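Following are the structures in question.
Both complexes below contain chain A, partnered by chain B and then by chain C.
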Partner chain A sequence: MKSINLKENQFIQFHQKISFKFDGVKYFGYKGDTIASAILRNNVNLVGRSFKYHRPRGIYTCGIEEPNALVQIISEYSEPNTRATIKKIYEGMEIESQNRWPSLENDFGSINNLFSPIFTAGFYYKTFMGPHKKFWKNLYEPLIRRAAGLGKPPKDFKGISNHIHHNVDVTIIGGGLNGLLAAKSFINSNYDVLLIDFEEQLGGIINNSNKISLIDNKEPKDWLKETIQEIEDSKNIKILKNTLVTTYNYINHLIAIEDRFVGSKPIEGKVNSTLHKIRTGHTILCNGHIERFLSFQNNDLPGIMLSSSFEKYMCRYGLAPSKEPVIFSNNSNSNSLVYSLIKAGLKPKAYIDSRSGEEIEPNLFDLIRKNDVPLYTNSQIKGAFGNKKIEKILVEDSSGALNEIKCDCLCLSGGINPDVHLFTQSKGLLDWDEKDLTYKPSKPFQPTITLGSASGQFNFDNLNSDINEKLKTFKVKKLDVKLELNTNAKYNIEKLWEVSPQKKSLWAKSFIDLQNDVTTKDIRQAITEGFDRIEHLKRYTTNSMGTDQGKISSINALGIVSDLLDKKVNEVGTTIYRPPYAPLSFSAIAGRNCYEFYDPERKSPIHNWHLKNGAIFEDVGQWKRPWYFQINKDESMHDAVQRESKNVRENAGILDGSTLGKIEIKGEDALEFMNLIYTNSFTKMKQGSARYALMLGEDGMVKDDGIICKISDQHFIATTTTGGAATVLGCMEEYAQTEWPNLKVFMNSITEQYATFNISGPKTREIMKKAFPNINFSNEEFPFMTFQFHEFNGVPIRILRASFTGELGYEIYIPSNSAPKIWDNIQSVGKEFGLAPYGTEAMHLLRAEKGYIIVGQDTDGSITPIDLGLSWMIGKSKKDFLGKRSLTRSDTIREDRKQLVGIIPSNKTDKLEEGQHIILDKEIKSPVPMLGHITSCYYSPTLGHDFALAVIKNGHSMIGTKAYASTSSMGTTGVDIVKPVFYDEGNKRLVS
Partner chain B sequence: MLIINCPYCGPRDQSEFSNGGEAHVKRPDGSKEIGDREWGEYVFIRANPKGLFYERWVHTHGCRKWFNCVRDTSTDEILVTYKLDEKKPNLNNFKSVVKTPSGEPEVGSGNFTVEK
Partner chain C sequence: MTEVIRSDGIEIKKKVIQQILLRGSGDSKFNNLINKSLKLLPPSDNLRIISNDNYTLAKMSFDQWNLIFEKEIENNKLNKILADLNKSPLILATNISDSQVFFEIQGKNSFDILNKLTHFDFREKSFKKSTGAQTLLARVDCSIFNLDLKLLLSCNRSFADYLEDRLIDAVNY
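Take a look at the complex of A and B:
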């Protein structure tokens, strides 16, 4: 295909040269060129290899509908699958073709084309079945994935995107003739209007074709300039250019992506795309139409393109891809291409129309006759032939004779479709137009208006009345625009979906989906095999499942299917159009919600101290908690945890418990409310005392636990687990509002207002005395499970005597701002007593030695308090509390429920592991009856061996018996089932 | 994304709210004897109709108030929102029982693009 440059226009200036590289070769284009137009200018025909058969492919269209010309932009983080027909070039751009090896010209994969008779629909499903399941994952899939596909995923992702929200009355999508006219009516009205166009220049068909000769007696170009100026000057209209609406959601919610670097290289660190989230009162769709192609043998050869695309290259880019293209059409839409060619001093090599001479528009007839263009009416192209480019075509004329025509370019037009993608995303319904042979919008489901060719108005005669009628719900100016056209006004089409090949051959291919290499033969085969529903057929053949979503071909497939099934197209229906309209990158969707902003990190007030003192953190919900502290870089986690645990048992340890949820409950009826929310009874509890409490779901399962401090009957402070804080508060609020609105009670989260330090160990009392000299910490004055308010250096603090380690312990609650100072003070006075910080892992070990559960680790939403052996915590005399009735359900009183027990290896040197199954027999004979599993497991420095907590069937009655713990990796280990307490069973240390 | 009209704050984006399942499910009075079946139905059984549905929502990232609404589950249209202490609206007040984009059948997803 030899292209020539035409005249300069407002979009392309021939003195602004730009160099770029395609597959390593340097080429020149002009400012304003897309990759496709620049490549055509350089007479390059071959731009890619097809998905499955690796067939040579060229540029088929001039817009977003492009199925073939997908390229990888090396100079932009290696962005794959970029449409060459919309991406603008810039100086130094580097582009690579896709899906070829070792080179585009000599592609090894093209051997697939030879074997193509076996690669029919469902080939992979049928072929790669055996001999073993593993073959698919380890052999077939990697091989197929290497051979098939599009671009390579980029390794690096640096594109930044911003999100912008809009709230407007009217959004006009598409800035072509109808979009501009709609916007014109809204000029200086009281509506907030957003006008969105995908291209850099508004104008659509005015820029892309020679269809219109005069608008309001002005040159279209001049009218356009004036109109855009008027719209830009109007204060109520905002224009978004280079912005593609990809998604149309419920309640007129639109998503659009704006390219911020059109025609220039994105600057690293700068925002290169903006995602617009638009909520609009009305949406006016003026997004135009898309031309269809036609199926015949080798309709994928480089050098074949859509006729309107050819015209767009001429009008928009000052470029004729070929000096003498052949035109093949079944409709009147390609008339203007003939007009444009002749106007540019070129001549079609032949004009082939499937319509009869009477149907062809008289003015086209005249034009063709006057210029001696060979005309074939009632004729069809049987096939195109050539090596890696089109060289000749075979035409069957009205007499049935075959004519061979040599050519380097073929322009196709199979009719036009309204671009209904967004309309159907909005849940609007389509209807088949038997005359225009296309689906057109019929019933909108939302406040959606369609104008122009997007609504199926392919003629311009009702332009004014249509817009005025559809916009009459708005108080806007009436339009009266006069249009004059260069070509015919009436759209006319004859049914033609496919031309069968001249010779029957296994290798003859008529494509129906260029991007996914689906042939019309595949469609026939799928229907023969019973996939005759359009949604099934689509998935079985992968028709219209590429990144182009079959924009130029999906309606053709429906036509072929309806003929094969002898059904009306409306009965066949269409597949669902789903967002996005065109691919948008994940980085655009993610926006700024990535890396450190993906999920907020919550840090305790002591976080900086932890950082300085060797803390290794673990994530607990959004919180960063010290997992363990390394005294030097070589200390392993195991050693650190053992050291920390031992130190708590022998001296004293301090844990930053600030992340524990804290909820303050106040109000006249606070006591009654607490009695209803938790299992425990708080009525007889003394003021100033605390209690370990359980919260259940209505199904009777343990949901959360914590310590409740009773300040008075009207005032409680509850702690929750770190991860459960929000849920517990939410649950309290829900029941206070929905079930017991008569109770006067209020609750509020005070988690972040207070830091919490847990100090425990035999030497704790000494440390506390020294740190807070004015407080009496004696057992009589400050007994276990009581709390006191004090002031320390002017800071109000609350001290609770409680422990999660089994040692004597205190929890100190301090306003967050004053916490670091007091923490430092405790560290320095504690030094002489061997006080050391410990992390969550040591805390878990220590509590497990005491058999204290962790909700979410030892419970999993299927464990009741009775299963845990915590029946004593249930206020049986209470009439009601959350989940009470469920504790006597038939399921919760079953005897073989999983219950909490302790596990120790029978041979003390054996190891156990979390998640191991507990089974009864040493010999494994499947199916093995499973009793339950280990929920927590540690090596205890105090006991000198492994120990574990487990939930096993009927566990309580199995205490004292033997069983086995098993994993496939570790084999079976003999274990003893014991009480879930391994240390200080009498709680002597706790209350000392 | 839906817009939900919080009875306390006004229309807000769906992302501010959380769904609370079927509305007007009464919690049995715990002070009285409750049969296994009655309690089981309260805890586990909820309606899941295609069409109009009384539903609870909470304005989690807003006023944190619970409220009720009538939503058409086949179209996601929220027909009315009302406070917890307001009477539940009669479903007959709303025009259609199953109004779907394409007048689809009463069961099934019925994602059609062409009128059936």
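Take a look at the complex of A and C:
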């Protein structure tokens, strides 16, 4: 195919040469060229290899619908599967072809073409069944995975993208003639309008073809310039160019991707693409139509392209891909290509039309005759032939005679379809138009309007009335635009989906889906095998799948299927077009929500101190909590945790417990509310005292726990687990608003208002005395499970005497902004008593020694308070509380429920692990009757051996017996089942 | 107050603003109690903001109001207001001055930049002056108060560093 540059073109800057590399060879194009137009300019025909048979492929289209010309952009993070027909070139761009080895010209994979008679539809399903199921995992799957796909995934992920949200009244998709006219109607109206176009230049058909000669008596390009200027000047209209709408969600939510570096190399560290998320009141689809191809033998050869694409290369890129293309059509859409060629001083080598002479438009006839173009009516192309490019075609004329025509380019037109992908994504319904042989939008499901060829209006007769009628719901200006056309023809088409080959051969291929190498033979075979439902057929043959979603071929497939089944096309139906319209990169979907922004982080008021003091953090929900503190880089986690926990037992430790949930509850009925929410009774509880409390779900299972401080019968403060803070507050609100609306009670979260320090250990009282010299911390004045309000250096604080470690302990609640200062002060006065910070892992160890549970670790939503041995926390005399009824269900009172126990290894040097199963037999014989599992497990520096908490069937009555813990090596470890308290069972240290 | 970022058409400052969270039924008794204490009648329309020289009072849900002190007052005065309001069991007044961080945002590009982080509709017709909103910004729960010439954006203090980074990122990218 030898191309020529046309003299004038407003979009290509012929004075600005650009060099780029394709498969290592340097070529030149011009500013404004796509990869495809630049490659065609350099007379390169072979651009890629097909997916299955590795057949040579060239450039088939001039837009987003391209099935063949997919390339890898090496200079852009090795981005694969980029459509050469839309990606603009820039200086130094490096491009590689895909799916070939060792080279595009000599591809080893093309051997598949020889075996193609066996690679028919359903090949994978039928072939990879045996001889043994292991073959699939060990041989077939690895091989198929290696061979699958087109491009190679990039090794580095460097693309930067961001997201922008829009809220508008109207979104117009498509900036072609209809889109611009619609936008023009909205100029300076009260509607916020977004006009989106995929191209850099608005205009669509005005730029891409010679169909229109005058608009409002002006040259189309002059009218276009004026109109765009008017729209740009309008305050209520925003234009997004280089932006492709990929998704139309419910309700009128659109996703569009904007290329920020069109025609230039993305700058490292700058946003390459923007994902627009648009919420709109109405969507006006003006996204035009797509031309179909035709199926005949070797219809995939390089040098074959769609008619309208050839014309677009001429009008939009100043390039005629060939001096003498042959045109093959069954409709009037290619008429303007004939006009454009002749206008450019070229002419088709032949014009072949399947229609009879009577059906062909008179002005096309005149044009063809005047310019001596060989005309074949009632004719069809039986096949195209050539070595890696088209060299000749075989035409069957009206008399049935075969004519061979030598050519280097063949332009096809099998008709046009409205681009209905977005309309169907919006759940709009389509109707088959028997006259125009295409599906057209019928009933919208959302506030969606279709205009122009997107709505199936392939002629311009009703342009004004159609727009005015469809936009009458808006208070906008009425249009009265006058159009004059160069090819004054009404759209006319004759049914033709496929031309059968001249000679039958196992190797003859007539493609229906170029990207997935699906042939018309595959369609026939699938139907013969019973896949006669269009969705089944799609999946069995992979027709209309892949990155192009069969944009130029899916209607043809429906036509062939309808003929084979002897049904009407609308009876066959259509497959569902799912988003995205065209592929999106993962970086575009992620936006800025990656790396450091992958998940929001929450920090306690003491976070910076932790950072400076060697804290290693763990994620607790979104919180960053110190897991343990490393005193030097060589200290292991085990050593740090052992040191920290030992220090708490011997001296004192301080934990940043600021992340614990805190809720203030107040109101006339606060007492009754608390009695209903928690299992405990708070009625007789003294003011100023605190109580460990359990919250259940309606199913009677433990949902959360915490300490309740009673300020008065009308005022409480509750703590919750870190992870349960929002859930508990939400639960309280829900019950207050829906179940007990009669109760006058309100609650506020104070989690973030107060930092919490937990100080524990035998020397804690000494430290507290020194830190807060005005407070009496004696047992008499400040007994266990009481709290007091104080003011310290002008800061109101609350101190609660409670412990989660089993040692003497206090919890200090301090307004967050004042917390770092007081933390520093406690650290400073605590030094002489050996005070050291400890993290969550040491806290877990210490609480487990004492037998304190952690909700979510030792419980899993199936554990009742009775299972935990916490029956004493249930206010039995209370009339009601959340979950009470469920505690008397047959399931919750049965004896063999899983219950909390302690586990120690019979041989104290043996190790235990969380998650180990507890079983009765030493030998593991399948099936293994499982008693339960270990929920928490640690090595205790105090005990000198491993210990664990576990939930096992009938656990309470098994205390004192022996069992086994399964190991990961299918062995067992002997264990003793003991009480779940390993330290200070009499609570002497707590109340010391 | 610290400057977070100043760029073309946007200026973001971070500040701690004293704030009281009020809960109550919103009936006439409640309104009278608030009015008596603050000399300000609570707004009855959801998300409406009213102000006087001392306070800004925003109704954030059917039984929740945020009392914002744009001008800082002494802590003992704040505690007195708090104690005064809490005298009645019909009101739960909680000091949340330490639990939230505010970002003051000004400039013609403010909405465009914030729309990189939130789907919220900032258009004049949807988000009028002297109204508030509760929405997600960069996946974090935030309140936004649309005041004359500026926006006040608040989030829980634990998210403040993260949100500050996201705001800077939104300006830069």
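Operating definition for what follows: the second predicted complex is superposed on the first by the 977 of 992 C-alpha atoms of A that agree within 3 Å, B and C clash if a C-alpha of one lies under 4 Å from a C-alpha of the other, contacts with A are read in each partner's own complex, and residues count from 1 in each chain.
Quick note on the criterion: a residue touches a chain if its C-beta (ideal position, glycine included) is under 8 Å from a C-beta of that chain, and two chains touch if they have at least 3 such contacts.
This is a predicted model, so every value here is computed, not measured.
Legend: residue contacts after superposition of the two complexes on their common chain; A:Lys388 is shown touching neither chain B nor chain C. With both structures placed on the common chain, the touch criterion links A:Trp623 to chain C but leaves chain B unconnected. Of the two partner chains placed around the shared chain by superposition, neither chain B nor chain C is touched by A:Lys21.
Of the two partner chains placed by the overlay, chain B and chain C both lie in contact with A:Arg279.
Contacts of A:Ser816 after superposition: chain C is touched, whereas chain B is not reached.
In the superposition on chain A, A:Arg533 contacts neither chain B nor chain C. When both complexes are overlaid on chain A, the residue A:Lys953 reaches neither chain B nor chain C.
The intersection of chain A residues touching chain B with those touching chain C, taken from the two complexes, comprises 279. Within the complex, the chain C residues that touch chain A are 16, 21, 23-25, 63, 75, 79, 86, 89-92, 94-100, 112, 115-116, 118-123, 126, 138-140, 156-159, 161-163, 165-166, 169-170, 173.
Residues 249-251, 253, 279, 424, 427-432, 439, 442-443, 445, 570, 573-577, 698-699, 730, 733-734, 737-739, 741, 879-881, 884-886, 889-890 of chain A touch chain B in their complex. Residues of chain B touching chain A in their complex: 1-3, 20, 27-31, 34, 36, 39-40, 42-44, 56, 58, 60, 64-66, 75-76, 84-85, 101-102, 111-115. Chain A contributes residues 160, 162-167, 192, 270-271, 277, 279, 592-593, 596-597, 599-605, 623, 664, 666-668, 714, 744, 746-754, 794, 796, 815-818 to its touches with chain C in the complex.
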